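Both complexes below contain chain A, partnered by chain B and then by chain C.
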Partner chain A sequence: MKILLDKISFDIETYIRNGGYLAIKKAFSMKPAEIIEEVKTSNLRGRGGAGFPTGLKWSFIPADKKNKYLVCNSDESEPGTFKDRELINKNPHSLLEGMIIAAYAIGANEGYIYIRGEFAKEARILEKAIYEAKKKWFLGENILKSGFSFNIKVVRGAGAYICGEETALLESIEGKKGQPRLKPPFPAIVGLYGGPTVINNVETLATVPWIILNGGKAYSAIGKGKSSGTKLFSVSGPVKKPGVYEIELGTPFKDFFENQLGGMKEGERLKAVIPGGSSVPVLTAEEAMKVTLDYESLQSAGTMLGSGGMIIIPERQCMVEALWILARFYHHESCGQCTPCREGTGWIEGILKRILQGKGKREDLNNAKEIAQNMMGKTICPLADALAMPVISYINKFEKEFVYHLEGKCPLCQK
Partner chain B sequence: MSFMPKIKIDGKEYIAKENETILQCAQRNGIYIPRYCYHPSLSIAGNCRMCLVEIEKMPKLQTACSTIVAEGMNVFTSSEKVKKARKDVLEFLLKNHPIDCPICDQAGECYLQDYYMDYGLRKSRVSLNEKVRRGKRRQLGDYLILDNERCILCTRCVRFCEEVTKTSELFVANRGDHSFIDIKPETSLNNPYSLNIADICPVGAFTSADFRFRQRVWFLKTTESICLGCATGCRIKVQHNDNTVYRILPLPNEETNTWLCDFGRMTYKEMYSEDRLNHITIESQEFGLDLDKVFDYIKEVKPQEIAVFLSPNLSIEDNIALYYFASNVLKTENIFIPSLPERKIEDGILKNSDPYPNSTGIEIIANKLKLKKDEKTSEKFALVISSLEIAKTYARDSKGIFFSLTKSDMNGAIVPMKSYFENEGTFVNWQKYARKTTVSVVNEKAFSVFDVMKRLAVLFGSNSFFSSLKDIEKFISSNGIDKEFK
Partner chain C sequence: MMSEEKIKKEYERIESLSKNPQSTLLAMLHFIQKEKGFITEQDAEYLSSISKIPYSKVKAVMTFYTMYNLKKTGIHHIQICRNLSCHMAGAPALKKIIENELSIKEGEVTPDGLFSLTEVECLGSCGTAPVIMINETYHENMNEEKLKALLKELKEKNENTTR
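Take a look at the complex of A and B:
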């Protein structure tokens, strides 16, 4: 079952031939509240990583307020995640159509797509798609004579990972330094330029047209249990066929790994899997083979579905090095606002670097874990947790490799 | 009526105010929650994470500074979980701190030191070469020195410049643990309130260039007084040791001031200027502290040729002494008040358009005692008695008795006057709040105006002059002057 990457449409003519922009016509015949109900029924959950129910998020927007905004979060920067880029490349109009419906549902007349600065090509694709949609009267004033007006602006980021956090993203659109805002108030009440704002991921919004056309019930029937629908997974690592896959939620990892990814490349052995982007706890090969790819199963395995950025780690990869690379990333990207994250990310990176270089001390392992634990849940945004979780899970699950580095030579990285 | 939520803090029930934060409610009820970034007069930043508290039914600890109270909330401010969080946050704060307390001027009034003793007490797990180095000793303005290594990035200074002075000189440059407080290019930190930044900085990052290294703070004694820099009359703390004033700090209060301007803070310097007068000068001749010489100087002048100008630089008591001396000893009717500037807050913060501290006070006196205003053009007087500043306007060509802190080339008897750090007196600010200065330091080489008038009265052979400040107070209340005060 494919929804998002079923039919690839690079331009608007193809998209329309493939049945595109029918959903907005249906949506305009519905009341906004009915659309929100339909999305609630579908059980669609945010595909950016947190998995918050989309319909519920929309319902928080006060109906009587003006100056509402819809923002699409395309600041896809989590290491290992590249699904939104693929979606924008192959089906840009599904995002625009989803945005028009969402904006109509919440009563927003202005929309923003905040796109990662490095996605220059994708930004141009979106600009072109917006231009095409405007020419066909799908965007702009009085869309298809519905009385509803909606415009979309593309804003390019400047390279900060933290701007993918929704309130830092709003700050960035407003021209300020990208730093998460203190909540409450939540963006649904005080968001972009002080107006009520919904922020959704690319994949979430691109799913909406299908839900409107086929009904929320049909969508909720796909998948497994509370994890409805399909999900994009961007798979990297030495598997035979890395890339972006759309699969039904609830698919066993083993099936996905063996049948779609084709297993490991010749001479490689699976050691570990990061199932949902670099910030989620790692699974050992053994653990991975037992999980199904959905919110609940991964949670009970102690990790998260996250953004679906799946990183396959082979046996030859030194986990100390892998963790240090992650720590370096989060250290570099910490905005520096909250004390535990600002000081903790750098501290951990320093310790890991020391261990990696063979200069570590016995107590460093426990210290690193304790520092990670002390950072968790104490900051405005989850960036601190995003490093803390991998640190704890890597050290717990692959302690042996850390000890190699403490005791002398690591057989894996030869450092 | 507004809704008053009932909440529990550490097991005790309190009635909170609507929309108040946990920190505010706790503080009102005597429960102190440690904080760095929170400041009652600035916006909430919520970044230091020191004020984390436990709230029943919430899985994560919450910042007390930003969480609004809600009916039935059950808050714990010193559970094991909270204590551990404070200890952890402190450890993070000290991770890249240079711990250079022995050479840091903040020592003794540093919140890192204080909280470390209260909540930290953990042996360091960081070696010196692991610390991030930042810039030290950077002069950002006439009065401020920034040591970025000691900074904990609470952003109080940034918010102060954005929200209070609205000059926005400062910002946080860079990210993560390489963040540092920086000043915008081509600017300097010289707004008229800059020294408040040294006060609100909870650590040794911003220190006062005027005060640093002159005295360890634990030696300082504090007296509460008022600032005489303008008609606003801010309440202040005067900090001194060994009979020397070292700095002036604001004494926050609801009526007048949270802050204090740099000008007001520097008013104490006049006491220590090279020109400080410590002897009587008559026609450029020095006469020690012998008031008889002043008497000799004026005794020949006919009383109707003497004019007394009450002075907005002097206290109510000193002005009453002047008035009483003129009317009962000299028996002259030439008692005036000068024309006084309009009084209003000029910059929306504290600075008053009237530079005198007691204009309102002498207006009240003039009104009650039916004194005339501003006679400089209509009459000429052989001799004028007043403070030096007023005399400069009204007695340019006449001789006189002028009270002054510093030397002057005015033609007349210049009498060394005690400053109001050395003397007590009531001043009435522009809102009519009457407040007293306090003696912080002692000066025996100067007089109060009352001392001089008292001595001259004796020399004139009068026995009806006030014998003490108590008599002046009686005079003030029997004439209904203090009824006008707030």
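Take a look at the complex of A and C:
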């Protein structure tokens, strides 16, 4: 079952031939509240990482207010995640169509796509798609004589992982440093330029046209239990076939790994799996073989579905080095506004580097875990937690490798 | 330094499409950088003077976002990803090759001004790791052979090429 990458449509003619832009016609025949109900029924959850129910998010927008905004979060920067980039490359109009429906549902006349600065090519693809959609009257004033007007602007970021956090993203659109805002007020009440704002991920919005055409019930029937629908997984690491896959939620990892990814490359052995982007706790190979890829199963295994950015780690990769690389990333990307994150990420990076260089002490392991514990839940945004969770899980599950380094004899690093 | 007239013209264009002067900032800094590969203090001061955005705010933004280069870069600005997937796929060895081929270290510019090299965080191209970005172009699934050929091609390209 594929929804997002079922038919590839680079341009608007192909997209229309494939049944595109029928969903907006149906949507305009519905009341905005009915659309929100339909999305609630579908059980669609935010695909950017947090998994917040999409219909519920839309319902927080006050119906009577003016100056409302819809923002698409395309700041895809979590290490291991490259699914939105693929979606924009292969099916850009599905995103635009989803945005038009979402904007109509919440009553927003202005939309923004915030795309990370490095995706210059993808920004051009979106600009072209917007131009095409305007020419066909799917965007602009009085769309298809519905009385509803909506315009979309593409805004490029400039290299800051933190701008994927939704309020940092709003700050960035406003031309400021991307530092997350204190909440409440939540963006649904005070968002972009002070107006009520919904911020949704690319994949989430691109799913909406299918839900409107086929109904929320049909969507909720796909998947497993409370994890409805399909999900994009971007897979990297030494598997035979890395890339972006759309699979039904609830697919066993083992099946996915063996049948779709083709298993490990020749000469590689599976050691660990990061299932949902670099910020989620790691699974050992043995644990991974037991999970199904959905919100509940991964949660009960102590990790998260996150963004679906799956990194496959082979036996040859030292876990101390892997964790240090991630710590260096989070330290580099900390916006600096909260002390536990600004200092904590740096301390952890420093401790790991020391251990990696064979200068670590036994108490460093507990110190790193204690710092991580003291970072969690103590900051404005979850960037601190995004490092704290891996730190604890890597040290607990691969303690032996850390001890090798303390004793100065890591077999994997003696290259 | 970029011609003030050009900056002013682009500022007026972008400003007319924006909510307020501050909202133009990221796009304006991208515009200024596109010309020369980096942003000078004078350019930033000029932008502040025409937009009435306090210089402190311009400076705060240009130093916060890592894509803005505050010192000279090469005509071909090479950015190599150092995050986990690229690392496992051999990025450190590729970095060494670039350093050897160009006789520069990470963070430096070649004396002829053709190349500069910097390490960056995840570029969102992990499935086609290792990835190298040169100016705005991604080069995916890189290996030693492809990298050497690419560097050779760029070297041979008209040395007067501008960005």
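Please note the rule applied: the second predicted complex is superposed on the first by the 414 of 415 C-alpha atoms of A that agree within 3 Å, B and C clash if a C-alpha of one lies under 4 Å from a C-alpha of the other, contacts with A are read in each partner's own complex, and residues count from 1 in each chain.
Going forward, a contact is a pair of C-beta atoms (placed from the backbone, for glycine too) under 8 Å apart; a residue touches a chain by one contact, two chains touch by 3 or more.
As the structure is a computational prediction, the values presented were derived from the model and not from experiment.
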item: Residue contacts with chain A in the superposition, chain B compared against chain C; value: C
item: Which of chain B and chain C A:Pro411 touches, first, second, both or neither; value: neither
item: Chain B versus chain C as contact partner of A:Gly346, first or second or both or neither; value: first
item: Touching partner for A:Gly80 - first (chain B), second (chain C), both, neither; value: second
item: Contacts of A:Gln337 with chain B and chain C, given as first, second, both or neither; value: first
item: Which superposed partner A:Lys378 touches (first chain B, second chain C, both, neither); value: first
item: Residues on chain A lying within both footprints (that of chain B and that of chain C); value: 160, 177, 332-333, 335
item: Contact set on chain C toward chain A in their complex; value: 17, 19-20, 22-27, 29-30, 53, 57, 60-61, 64-68, 82-85, 87-89, 120-129, 133, 136-138
item: Of chain A, residues touching chain B in the complex; value: 160, 177, 182, 184, 331-340, 342-347, 350, 363, 367, 374-375, 377-380
item: In the complex with chain A, residue positions of chain B that touch it; value: 44-50, 52, 59-61, 63, 66, 68, 85, 88-89, 91-93, 95-96, 125-126, 130, 132, 152-153, 172, 174-179
item: Footprint of chain C on chain A - complex, ascending; value: 76-82, 85, 116-121, 153, 155-161, 172-178, 193, 234-238, 242-244, 278, 309, 311, 313-314, 317, 322, 325-326, 328-329, 332-333, 335
